[in-house]
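Following are the structures in question.
Shared between the two complexes below is chain A, which has chain B as its partner in the first and chain C in the second.
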Partner chain A sequence: MPPDAAATLAARPQRRPRAAHVLGQNIGLVLAAAILLASAVVFTLMFVIQQQRLPGSFEITSTVNNTMPLAVAAIGQTVVVLTRGIDLSVGGVIDLTNALAAIFLAGSPLHMIVVSILVVLVGAGAGLVNGLLVGLGRLQPIVVTLATLSIFQGLAIRVLPQPGGSVPAGYTNLLVNPDAPTALIFLAVAILGWMALRRSRLGVELFAVGNDEAAAVALGVNALRTKIVAYSIAGALYAVAGLFLAANATSGDATTGNSYTLTSIVAVVLGGVSLFGGRGSAIGAICGAFITTMIVNILFYAHINPLYQAFYEGLFLVVAVVLGSLIGNLLRRRG
Partner chain B sequence: MSLAERAEGDPAATIAARELSKAFGGVQALRSASFAARRGEVHALVGENGAGKSTLIKILGGRLHADSGNVLLDGNAVRLGGPADAARRGIGTVFQELTLLPWMSVAENLLIGREPRSALGLIRRNALAGEAEAVLAGLGIHHIDPRALASEVSLAERQIVEVARVIVRQPRILLLDEPTSSLVEREVEWLFARIRELRARGTAIVFTSHRWNEITSVADRITIFRNGAEVGTFDAIDEDEAVTLMTGRRVEALYPPLPPVPSPAAPALQLEEAGVGDGGTVSLSVAAGEILGVGGLAGQGHRELFLGLFGAPPLARATIRIGGEPIVITCPADAIHAGLGIALVPEDRKTEGLLLPLSVRTNLTLPILAQLSRLGVIRGGAEARMSREIIDSLGIRTPNAAQPVGALSGGNQQKVLIGRWLLAQSRILLLYDVTRGVDIATKHEVYELMMRLARQGRAILFYSSDTEELTHLCHRVLVLSRGRIVAEFAPPALTAEAVVAAAIREPHAA
Partner chain C sequence: MVGMLNRRSLLAASGIGLLAAGLPGRPFAAERKLKIALSNSYIGNKWRIEMENLFKAALQMEPYKSQVEGSWFNSGNDVSQQSQQISGLIGERVDAIIVNAASPTGLNGILHQATERGILVVSFDNVVTAPTAIKVDTDQFQFGKKLADFLVEKLNGKGNVIMVTGVAGTFVDKERNAGADSVWKQHPGIKVVNRYTGMWDSSVAERNTAAILPSLPKIDGIWCQGGTDGVLKAFIAAKRTPLPPTAGEAENGFRKFMTGYMSQKVDGLSIGQPPYLVLVSLELARRILQKSHPRKDITIPFPFVTNSTVKVGETVFPNLPDSFFADFTDSGADATVKICVDAALTGKACEGKLDVRLPSQA
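Up next is the complex of A and B:
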């Protein structure tokens, strides 16, 4: 039954073109990709000048392998940040799972698979604790995860008081093959997983809760469950990051994960995920992770004293974020 | 006047509330309130701000639980587990405070929970916009771009999307809490056409409104609420009687007489060549003591004009004079502080005006904190006294000044917004749809207030989505269309029909 003409709201003459919407709504991702491209170009130039050749398979492989733990952790952080939360316990979960992996990964392939799954479950359990405290306890995510960060770090030290343990070469080759960037396959899987999540009910609910929790609840979203699931997924992903880290280092250290608390947040911000929740993409966060690695590479070839590395990383982050938001604002004005 | 049977006695009721009570802290929002709506009827729920209408609707919509009493569906007491549970039982609700998700597209919002899916069960994101377009078109909505983010479309459009989202789910009980408060006439007409269609199909429709002409035009029955309980249900009742029942007192003529503009007119605010969208420019001048109305359809540059004068964001290319002196406004602080006193009551109080978690007092005194402070420390006594005065003079219903604004009823939140600019003693007031969601008695108070302010020599620029208001409260009315002033009316030519006709007339080919 078509509504009678008197009671229809007529079309406006012009609409914004579809491309403008797509660009405007994915501006964070586009900027992240652009910064990644720019930093890759800078790196390549410096490399060519100093080495008189193009970066080859070795450089690409080591860049990918070194970035894997951060890329995976950043996806986890994205899931939490999307709900308008933040997870500082990343470092602790990676420490713990890294330590567990270094101790228990051994023996037959089947045994290693079982251990890997258990380690991921430990990570998910750690995330579940965060989620329950944030959701049921109605506590501030930043406070909860700051506390659990210390707790998980403490547990990690109990598990592996001294750096040690070892990861079988087969495991290393599977996850972070030193001869070819096969780890990209895992990234592709992660991206596919993200795209599926984005198209699932859970994905919609994650975004809804981060957009406006009260509105989401009024729409029938179970915000509590959504948050608990988000922190649990994140914990599982940090555990995967811990496995990659162990595979890369071929041994365990209960403190190597610490830096990931900060760098995962940096990657998420560079990747255009809004810390206010409800906006962003894990693909952006992966770009953010690679940008972080690129900066380290660039600083290396620029012969920056490693002591100043953090200083320049911070400087770069500020410049990137300010530029990003300026460009974003300009585009929005235009649109 | 025929008092219908008590709600619990109504055997035909599809949805009913039986002796519901609900308290928020010390505030008793509902006191053993009963209500019943039948299938195929439009049932209006009216009452003053804070009477408990929204609380009742939230309980019927599954969003709140009553402290005591029952919700009945087809005569059976049910316990609604939440909004999702209510939706499963066929109850669709448009809540007073909109629930669109700002960073998701109109299409995602419209189709949330019923998105088109692939064989794998995944949402076909590429198909969302197309499907949304079709759904909207099926409801007679052609002007909203489904690809836009919800935060990019106007408040009225958001309201329409919200209604559409509920209607397409084909509820058998439709609860609409002030669905028209931000809509202009044509949009209200659209909504009422949809309501009548649904009524014909047997839907029970409950709606609240503070605009009496809407109630008489669409409602089959009217239930009046006062102080958290129903006063009675009527098949027909005239406005005076209804207002008396709502308020417990008689309200004299709704519109007070306009005070004359002092002559010679001293221009208080002059605006030249301000770009407010669609490539047009607006020039206008308001004299001290004058109320200048700006009318027209929503989305024609009104918002840009009002916000622009307030510097949020500033107007492009405009020359602004205050008392004849050219000035530059680049941000709201300029507008508030630099001795000009432009005040704006924004369209969307949820996002642009109020700090919901903060107290009524803080919300009132925010713009004058500098005056209230000594060496950066707020003088608590002065702050408390001044906010108390405003709360009393506007009759803001709040247990105390420390109450978070978010806990007040919609109309009372609106009063806090007006009160803020009274305290700030602004000489030029930009009033943007200030009576939106305000009950009739309070509207009357706001009108009187406007006249008092005009008599004090303040200049008022006034926009209202209610054309009646413009014609009764303004010395002159400009009609804005596509960013241009297309007509100007003063009495006796100033009539609602003339303003509406000018607003919808197609612009002459330029």
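Up next is the complex of A and C:
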């Protein structure tokens, strides 16, 4: 007779209370949310002091709309980083998809839907190339994606040699409505998608490969397929980021995506996703993306010397990351 | 310097805010200063630093000192950051935003929102395509054409010329080259024996010139978009002296050659994309907000000097580095703006009033 599962569970001595366990498991996410909350509070205080009013609909909407491309790109970066990879081609894929969107989007609603889907497929294809090179070629992700970054950037310039093109107003209103933060709905959808992925077989495999590839393979996980799928999903998400960027700018520029390579990694790190793979949450990365925007906001209202702005940005990041890891270590040791 | 100015205005603003907390309406509505902000992108080169220094200096000079409350921001070449900063300026309810954009198109969305909220947007240098933004710029086609015209005149329409071009793929490079080509077409006696890039950078221009010179015949004229002093130094290193007539940018080093430098003297024409475009933008914003100028794009003439007009201490500075842009000020009787060198170097105010002449409304 097999042992009664419930009985064995109950008999096992509980190592720590459930709440502490959950906290220990999600410490990165909790810290990211805490930093985001703290930076939002600081921003609100500075805003109230200087403007004698609370941040209104415009401030919230523009913060959300400006962060959308980064938030979506950071989810993609998370998926790759979870497999113990890293993706530097983010900027190139965003450049390329942003350029494609600016050229081909204009048309009827149906046309816009078709073009959007095609653009996302282009992104997924770019990710597939990365995944194949990393997985099949057994090459270092940082080398592969550094090379494909240049390739995608080059393609983007070919597609759109000079900034231009246009995005229909209806498309902009749908994705990044300038009058209300409706873009949050897309974020909610992304979070739901993440939670579903987390519970799916693929999600488990992502974490398994990132934690210990050899062990995962021994347990029957197809590591190659997992990596290829991870990079492809990431590529598709970068394409979505490119669409949001185009919608926000209302036109295209084949170089505006470049900065997202670094900022997406920053968002992932701030979001508590471990660069060593196997640990982290896309929700944390979204928080990380919003933290970077909040830092820009805070520095704006602090009216610091613009020449030192990059310095302070870096300082904020270091402090946030160091604090995060210190608190994380403390909590884990206590638990 | 910057911090002080801003901190003071910040303290004043919050102080007034506290006093007025219980009172209805705006306390300083009667003689409110115009809030004009500069949103700059990249700040990593001399041109941009001089440009921002001029803006700071102007804010401490009349009429701006008493009429304008200015602020300035840099975002680097990161469109989302510049966009977020402009959102902040909209939130602060400034009256006008002057933009040197990280992308000609990337800010169109947020700038549209600014103009929808009644904020005046003036874009200069790297101008934006947003139709609601007022544009202040120079005519780059004319830049290339004027340089070429000078050489045609100096060479009497006959001789070998090299063209040192700029950063390929940019609008400015294309226009300047087209301007030059339009002149060469009418003067078949002029032979362009080589055309290579100097990347608008003196050291790149010097390196590329040094590499290519040995393969070239005698050069009778130099047409150079940028990095002119580097080209001349390569000529000297290759013992191609005396230096041929040269039409180039506004590097201080080039102008030093025009007045005598490294025991050489060159017959030259020096034209520049002036950093004071920011002052023209500031003046235009002030005038439009005070309703004394129509809401219209303006193109300003390039500042230029020749050997007969270049003046030590005014348009060329022997004590300053070769890479300094000596066109921070205009010169001559019809000057758009005249400002002292300290303003460009340190952002300090000059003596007297600042008089910016906008082109007449034709």
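We adopt the following convention: the second predicted complex is superposed on the first by the 319 of 335 C-alpha atoms of A that agree within 3 Å, B and C clash if a C-alpha of one lies under 4 Å from a C-alpha of the other, contacts with A are read in each partner's own complex, and residues count from 1 in each chain.
As a convention for this text, a contact is a pair of C-beta atoms (placed from the backbone, for glycine too) under 8 Å apart; a residue touches a chain by one contact, two chains touch by 3 or more.
Keep in mind it's a predicted model, so treat the numbers as computed, not measured.
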Let me test your reading of the model: by the given contact rule, A:204 touches which partner, first (chain B), second (chain C), both or neither?
first
Which partner does A:70 reach: the first (chain B), the second (chain C), both, or neither?
second
Is A:293 in contact with chain B, with chain C, with both, or with neither (first, second, both, neither)?
second
With both structures fitted on chain A, tell me whether chain B or chain C touches more of chain A's residues.
C
For A:127, using the defined touch cut-off, is the partner it touches chain B, chain C, both, or neither? Pick first, second, both or neither.
neither
First (chain B), second (chain C), both or neither: which does A:219 touch?
first
Kindly classify A:279 by the partners it touches after superposition: chain B alone (first), chain C alone (second), both, or neither?
first
Identify the overlap between the chain B-contacting and the chain C-contacting residues of chain A.
none
Considering the complex alone, what residue numbers of chain C touch chain A?
1-3, 6-7, 10, 13-14, 17, 21, 40, 43, 52, 71-74, 76-81, 83-85, 87-88, 90-92, 102-110, 112-113, 129, 169, 171
Residues of chain A touching chain C in their complex?
47, 49-52, 55, 58-59, 62-63, 66-67, 69-70, 102, 157, 161-165, 172, 176, 178, 245, 247-253, 255-256, 258-259, 263, 293, 296-297, 300-301, 303-307, 309-310
Residues of chain A that touch chain B when the two form their complex:
1-4, 6-12, 15-16, 18, 21, 25, 196, 198-201, 203-204, 207-208, 211-212, 214-222, 274, 278-279
For chain B, which residues count as touching chain A in their complex?
63, 82-85, 87, 95, 98-105, 108, 112-113, 115, 121-125, 139-145, 147-149, 160, 186-187, 189-190, 192-194, 197
